[in-house]
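Once you scroll down, you'll see the structures, which are given as structure tokens.
You will see chain A twice below: alongside chain B first, and alongside chain C after that.
So, the complex of A and B:
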């Protein structure tokens, strides 16, 4: 395509909309590619790919209950994406999001069902979210200190705190916070009526709104405020930031507090809005799959919302399709992997094309 | 408690430590090669799973455990080849591709297992131990450490081999340069992409062997998701080791001891929850870092794709 045709086709559109359309176009190709390739895998398994993806679309995007499940799942995922955007933009690779999520979830699940008997529900919900932010931030404190004052690589420490937190949360559920009224190892359950309110009479949890507000706020903070600029300078070049008079250690601590705190909040929203309790050994590993999506969104909040919606719909749709067609749920992993690789290839190709145009 | 520490118990304990250490050692050494060459290989969990599946499948189909190890190495290298193609050749983001390959390998191996073995659950024969003459006669240590499967000795023999490779050979120097100053290597007339490709393939091979050890020697079966974080611990070991193979071995022994301690304590009748024991190695390393932490020296160009002429 030559430059003229590009200008002709997108002539009247405002630049921001044009960019959004280009991004959407760049995601559509990889999606189709991933569906075709994983469709071939389905053929090998003697399953009709059209049946399978028919169910995926029907459940994930078309049926009212499926859409509501998709939107509800987006709440915690958006918070995790916001958590990673803050850290990644500041050049800090927080790979411990799953433990931050679980620690927030476990403490809220232990605390909220007890408190709800003594305090008004709205107060319990607000306090629970504050608790989860504090717990998440505490869990991120050690890697933050080690990074800020000892210069120890945060990939190692957050990965280790991740293993530690996954084991600790399941130990807490089994040994400390176990519901005495049941033999199943799980925490007490928050009654459905005392959870986060649903939106407009649907089954969509208002966790979605919390997620959207937070990720937009984070995007605004990182791109439009002085504090965000400072963090981006630290991320781009810590030495230059020191020379510019910024206190890199303090900013590092702040980044970890926000990022890990939001990770904890994601756990709280999952419990307060959807699950109501934590079972032993529960680990949805959301953060692990959100990491590549945030990279592909190039740390942009709007793009991250799009990818999170896509991922959420695919997850909800595939779970249903797998159940109906007796395909093991592992198959979703193959689709997600193909999608990630193809998205990365397309992203790279688009970047090369932009670079070539620029020269 | 005195009755607890019978000879048989101590032998079982030491043997368990060795069995848990070998996969971690192979994963750590493998990751170390990639990191030296400047590739942050987050995909090794996937390589290990593919190695575990490939190893089990070939060993089961051929009836030969050694061929199984070859299959495991090839399985790991297939994932390594994808990693090399996407990250080294095409310069895609290493973290995105690494996570994608791990998820993909989890899915593919679990599906293959479901299609082939979910109704059969075949077990492999036990690999015959090779007693080392003389050393295997020592009481307790002999049967625990020197009457082992030959692959165990080979895994530990890799440590001095790698020390020599990194310190004394031109290949070792080129690996180091590819990670620290790729442009200098390029100027010297050596292809950075070639060195990094070799490094990632070697990682796949070693990590694949580690996975094959899990399925062929340690378990005798393949179970979906059986690597259970071993690959990620390998990443931690390689980063803590700062380029030294001997440190990888030390770290692998510490983690291996803690991982095997759970089973040992349960056999001994001490009821400590698995979750608590599994936390121990991480608590230990975090404590060490907090007290004696210094900068973990990582290659300067780690994680960055090399594009000729770009600065």
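So, the complex of A and C:
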């Protein structure tokens, strides 16, 4: 990027600022384009895009209760983003986040309401999060072993583990963990007073803080520590890792343990901070929707926070807009998908321009 | 001698890639009814030549004449139209289709292929050249040798007059390879011009009418058909070995280094080392290298040198045998443990495994010490120390890089090699394995690399230099071991008679 901007002759701006502007342009341009294009799609649906986005931003960003809902939802999403950043940076495509999330959530929802009757609440919350990490990691174990020692593609195995995990958690809720006091197939409910504390008298769950701390810690681990560097070497060039004496199978297991464990933790934070129980048919499929955001952020923790915030606000806002304008909730995904496509196009265009300049 | 004009003739064909001349004004001719064998090490330029004949690449200079007419082989389709077909080492047939369906591929997409007609034509073509195959057999159920025969039949069905077999025997069992060899002879007698690329000298001599040897992008010589018929197989082998490895520059007469004193302590020992491998099992390797000694390992590429180097370095499991460094057994240690004991390995796969191309030079210089103090404290990086180390090494080893933060993959081949040498030769190196240390480098970097190897030995390191350039070993090594088919077939002192004796060992005369 810097080489490109120094080649431009116009303007008297210092090169650093020019580079920053160019980067901002490459990121903001596609975002504006995505809103324009999805606005056109809305027009085709005979919906006024200004009305739609007006409702979306009013609810998601401007109303106090909407902002609180946006921030609360960010907690589990940030944890899933952290889970994916670890795996993707190490070149392992863990797409089993949904099952890891659900398994963590189901076990926590089953155990926490029972334990609060016997143990102090803070201890139950801490232990629940530990349980979810272990459960998530166990659900990632099989793909990890197959990848590490048999070289079997983890994309396929984690996707298959999703089917198993989603069905198993539904079966567990119906058959084993069902709340005997209701007729609806769901787990016992954690009383609101025993959930993760809210922040400063608002309704924002402290799950947001957990998410922020974890994703920043993961970013720091991947960029500043020897362990993170080893994982990145494995991701960038496994042959070089072997040549340098790194144990690729062991690091693969470690990556899966961390990534799947964080997936489970995301489930716990969703239950302990927000939902309180799990219904048998519940599967928000957060992990899959987070995948494009993590790519947009280029596996960078800070950028991921920004995208998760935007996505969370769009999601909360679109729920409100959906009720008023009869546009499906999932329309947010159209915007995200257009953003991803436009970003890829911009990147390709920038690369071509660099190539033409002979850099 | 009223030979018809050659079907294809190359005149001064040159092909350049950034920083390397892959083919340097090659003159060559290919005639009908001849098996023309192309020999050369990896990187000698055979693949480039083939890709130009197949229409995949265009020459930068020179012309390709087809039946006397200068022709631009502008695309693979054009080459196929002219009857030029290529069979590669890896089968290009679709495994889930039958042989006849594979032969029908490439027809117009809207037309339903006439399967019966193709089957009949395939059987007929196969019978003509004496190949037994079942056109309705599923490709995936056949052996690699059978698939290659089918590919040749398919090429003939499409009117091939000029058939390139690019290392077609490399993956075959000896039985299948012999079958393919006989098929080549029959094709030649049918009037097809066959170009056969191989590493195996015995195949070249058994099936070839004419031999051309490429070396570092240039054609360094060959054997014409008349001569080929006159020579005994043994004499032909010696001629070829001489062409492939013989002195190219008499001016740079190798001054063999003085022998190492008999009292020098042994540093590195391999005791009855065996390494299991599907293609080249390495067996019964016994080697000792003394302090300050350079041991050369000569041999044609792919005879187990890489496997041996990786086994000593700890990257590849040993099936039996032991390795000692300074008297202590190191075969129980992993790569990191062996490195800490003083063993270093300068790989020849510099981009593939030696470096991480997207990472900065500074990190690549520490790739084998990730987590070690003082560059990491308690597992947390110390950027100042890492940069300091990088700046010192860049200066000491004259690595030409815009910055220590430049991605290593952006450096030239010579500078990447300097980076590897800087990484492996600093610290307490006791024994260093250099795998093809000058492969792909320009003259200046070759000289710099050889100087580093001598300096390392001068400091008392035991050095193993694996090379396919005999002249390099004659210049550097004190003793030279010859490796063939996974075994050390002999070790000779580097004296006046070394070249002849190594040539004999390579061609199997003295085995």
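Just so we're on the same page, the second predicted complex is superposed on the first by the 319 of 359 C-alpha atoms of A that agree within 3 Å, B and C clash if a C-alpha of one lies under 4 Å from a C-alpha of the other, contacts with A are read in each partner's own complex, and residues count from 1 in each chain.
Note that a residue touches a chain if its C-beta (ideal position, glycine included) is under 8 Å from a C-beta of that chain, and two chains touch if they have at least 3 such contacts.
Note that the structure is predicted; figures quoted are calculated from it, not measured.
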Contact breadth on chain A, by residue count: chain C or chain B: B
Contact-wise, after the overlay, does A:226 reach chain B, chain C, both or neither (first, second, both, neither)? second
Of the partners chain B and chain C, which touch A:83 in the superposed model: first, second, both, neither? neither
If you stack the two complexes on chain A, which partner ends up touching A:161: first (chain B), second (chain C), both, or neither? first
Under the stated touch criterion, which partner chain does A:338 make contact with: chain B (first), chain C (second), both, or neither? first
Using the touch definition from the top, say if A:237 reaches chain B (first), chain C (second), both or neither. second
May I ask you to decide whether A:170 touches chain B, chain C, both, or neither, giving the answer as first, second, both or neither? first
Is A:152 touching anything from chain B or chain C once the two structures are fitted on A? First, second, both or neither. first
What residues on chain A touch chain B, complex-wise? 41, 45, 93, 142, 145-146, 150-153, 155-157, 159-161, 163-164, 167-168, 170-171, 174-175, 288-289, 291-292, 295-296, 328, 330-338, 340-341, 343-345, 347-348
Would you tell me which residues of chain C are touching chain A in their complex? 314-315, 334-336, 339, 345, 347, 349, 352-359, 363, 367-368, 370-371, 376, 379-381
Help me check something: in the complex, which residues belonging to chain A touch chain C? 224-227, 229-230, 232-233, 236-237, 239-240, 242-247
Would you pull the chain B residues touching chain A in the complex into a rising list? 40, 86, 90-93, 95-97, 99-101, 103-104, 106-108, 110-111, 114-115, 224, 229, 232-233, 235-236, 239-240, 273, 275-276, 278-279, 282-283, 285-286, 289-290, 293-296, 298
